[in-house]
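Next come two complexes built around chain A: one with chain B, the other with chain C.
So, the complex of A and B:
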């Protein structure tokens, strides 16, 4: 291949170098902010270009430094990688805007921007790479940066939450590395497609290695993606972070680990692993519990950000459910939900952050009547909440519809009913907030909507929710190709 | 006898798994934050030992081409573990920084006491 294009690696390189430059600009704050936003915008352009390239030419293989695999690191951009990269670039650009123009919550601003860029670089790297150890390095960078963007808030609670996240995250990374070692042991490669070819021959001879490796991998990524019994770190971490961090963590970071796991499954381990080991059954059971318990926990919360954090646990359950059901429409639903949840959860967290900042209250019981004082922000919150419940016309409806259809295709009516019940549960904890805000007794507070620059991200995300609810066909080609990577 | 022989061949694997379990256990069960970090380091070291011993070949030489040497140790795991050590060091440094800040806020290194204090302060 002569006419090689460097777009895949440029995304990561740009973000990494942006992180270093921005960190140095603490004396020139305006320049730092400008470079920060410029980097995000350029990455969004590159991701869009990459997506069009993948749609036109199919999977792109890029070798770093021109070293051919298996020796060099390879970047494999298939439909799933392009889709994930585009979602990450788009949603993170909007959140970055909010980090710059939203309420001030951190002291060292440029340091914070640098961490956000590092985290985004690691996320892009994780979804693009085709090398197992490279993936591990990106997992570690993203864990460390994710912990750091919680701790930057500097309150006792946020540091305590980030330390707990650090301990569990380190355990997760440890077992993932163990799993990589076990796979390397019997395959002798780190490049995922070479691992796949080697495992076809050796997996039968060393079943114990495979079972342990897959088990460790599952546990490691489930901790980081907050699958139900391993979610304990999430509510504190996501609710005590600065607003922009919460949106980024809940909207993108947890899902990137699911994407990474799915990529390892179809690139390295091979889809037959689903038939050999009961991964799907584990996913189905844990995801069902997550969907119900996440909503039940969310219902009893009075802190609005904690409620949103518990709701994330339930929503992560949907994605695992789609993967567990494992047919065309269910996987399409899961992949689509990665996009939809990224948009709507960021919208909810950002608008909740604005509401908390403008009113000074973070308890749901104290928000009564505020919808008339801060109508615009509450309208954005309401759109996000309606989408969470799955009202037709919003993005949340489409992914739930696909998941339910997938459940019916699989002959598992139970899961379709589960999705319906969970929608009702979502309504139980989202609607009272909206109803109290608009029709509750008047609030004595003199709160008002923030400046237009703060509201812009909310507008963009609200329009995104409505757009993907009304015209889902735009995203369908990529989503369909992604699902076909699994179901051949 | 066969078991002992198998163990002696795989002694590195055995030791690293034991170390891994010690680290894992320390990290999850100890209340002292510094001990948690020590557990994390023991666990990481165990993994490094495991990874490096995958590449080790009994009687193998360092992988530098010399005439007459047939057996070389696989250098890839060692190279990877260099990266692993860097990651582990940065995790440790960051965790220790967090512990310092936690100590400033709560005046203790005991995880349970911190949770109790937090509950009292924030109701």
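So, the complex of A and C:
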């Protein structure tokens, strides 16, 4: 079996070896930091190369260990996998820079970097793999690493939050495993394309298996992706983690499970599953509630990181809404929102972390007048907030536009109105912070902007928000191909 | 506190336990067992040793850094063995064609599987022993000291 490129497997291997090497370098902190950042940079290069290869040659298949697909593990890099891998590599590289040069929040630094690399490796593995059990292994690695990077802060709240996350996440993993077992039972394969071929023949004979398997899969991934009624772990977990962890968890980790579920649907279960079972209707109803309730909960928060965490619940709702609407433009909007939300929510969490660290306050009511003391960081926060609301010229506008157009294409005007209302709700809780910070009464605090190395990630992410708002056409080829994979 | 009986029994048992652990480890591809069970047995002997022979004194047990080295090194060995396949022009983790396969049923008969098993055995032993040490030390305090 000859593979045309080793790039997909090298991404995961490089991150894993980076994680194990960095963990051993606690005595040589500078070397550890250097290797940590070097790994992220190399993975970004490899992901970019992979994306260009996929655009040029189409889907790339890679078989591990020289075993042909039904037995060996296969990596399937289609447009969606390449796109997701690039988003993860890009955003995580910026967050890693912040983890090194931002405020110190953890004691065992090399251990923390090792966990971040391990989490990123699992996320890349999850979006690249074409094997259902391999996917489960990566789901487990990412869940455990995600829990660890919350608990690493060591405060009582963060340990409590990570324990709650552990319980619910373990429940989700168990349910996903059960679903994989049910699918294996009637298909006899773990490779997704072989499952698809087997299910075409056998699914009709075992309708109960399919219903149970899809139901369990849905619940398992919905817990991990924090779809509305199953989101209870998210606000505590994301608001009590160290800043870099919050950005990584809110920006990337919750979305990776949606990507994994979407890949299982179109690679393994087949799109007709949407007609057989009411998955779309479930998505539409729960996503609508999530969009409204996430914003309503966010409005009443006084802790800025908690507010951002509740806002994530609403934004995850957008992605599920796009998948539920299930037409070309809505899915394009959902996929584009994966990218946009990863950039803008990381930006918001990182700038909020800097604001909290520089001012010593984490309550929104205490941030009045700080925009004049910490102008640079607040400018970055404002760009992220404007993008969240969906002001034209920012990335958030593009994905909301596509989602709204998709809703109109589907003939569901209600959901287009819902997106408008939600934008207004976002404005209600984001704008007062900005207005109070710049025009409120002057703050007695002697806070100032941090060093340039801490601000660099904020600059990069702010430029990213503006870039994808002004030139969305750069990302459109991949997004369009992804939507076509899904819609067929 | 010295306990003559305990120490004599431990001196007799620890080599046996370690030998049995090695047997389970090296025969992982032939008989039930392998890296997880073999590594755990070896770790059990190390835990036994540090429980019997005054574990409070640092010099009498495997250092924390050493067990961490085994933990990271075992996993790295797995990755390096996987990369050998790429260097020979095959896929990641290729066994056939890269490593000598030997005669079926003999001890050296599985190519890279034996190497991986030993590496992972070291990792499992290191992990179990690190967990024990962490429990012993009660984790780190807020300043990051043990």
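Keep this in mind: the second predicted complex is superposed on the first by the 485 of 488 C-alpha atoms of A that agree within 3 Å, B and C clash if a C-alpha of one lies under 4 Å from a C-alpha of the other, contacts with A are read in each partner's own complex, and residues count from 1 in each chain.
The criterion applied here is as follows: contacts are C-beta pairs under 8 Å (C-beta built on N, C-alpha and C of every residue); 3 or more make two chains touch, one makes a residue touch a chain.
Remember, predicted model here, so these are calculated numbers, not experimental data.
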| item | value |
| --- | --- |
| Chain A as common anchor, with chain B and chain C clashing or fitting | fit |
| Contacts of A:300 with chain B and chain C, given as first, second, both or neither | neither |
| First (chain B), second (chain C), both or neither touched by A:137 | first |
| More chain A residues in contact [chain B versus chain C] | B |
| Touched partner set for A:24, first chain B, second chain C, both or neither | second |
| First (chain B), second (chain C), both or neither touched by A:417 | neither |
| Contacts of A:178 with chain B and chain C, given as first, second, both or neither | first |
| First (chain B), second (chain C), both or neither touched by A:170 | first |
| After superposition on chain A, the shortest CA separation from chain B to chain C (Å) | 8 |
| Chain B/chain C common contact set on chain A | 154 |
| Of chain A, residues touching chain C in the complex | 1, 3, 6, 9-10, 13, 16-17, 20-21, 23-24, 62-66, 107-108, 154 |
| Of chain A, residues touching chain B in the complex | 133, 137, 140, 144, 147-148, 151, 154, 156-157, 159-160, 162-163, 166-167, 170-171, 173-174, 177-178, 181, 184-185, 190 |
| Chain A partner contacts - residues on chain B that touch it in the complex | 20, 23-24, 27-28, 33, 36, 40, 43-44, 47, 50-51, 54, 76-77, 80, 83-84, 87, 90-91, 94-95, 98-99, 101-102, 105-106, 114-115, 118, 121-122 |
| Chain C - residues contacting chain A, complex | 68-69, 71-73, 75-76, 79, 82-83, 85-86, 90-97, 140, 142-144 |
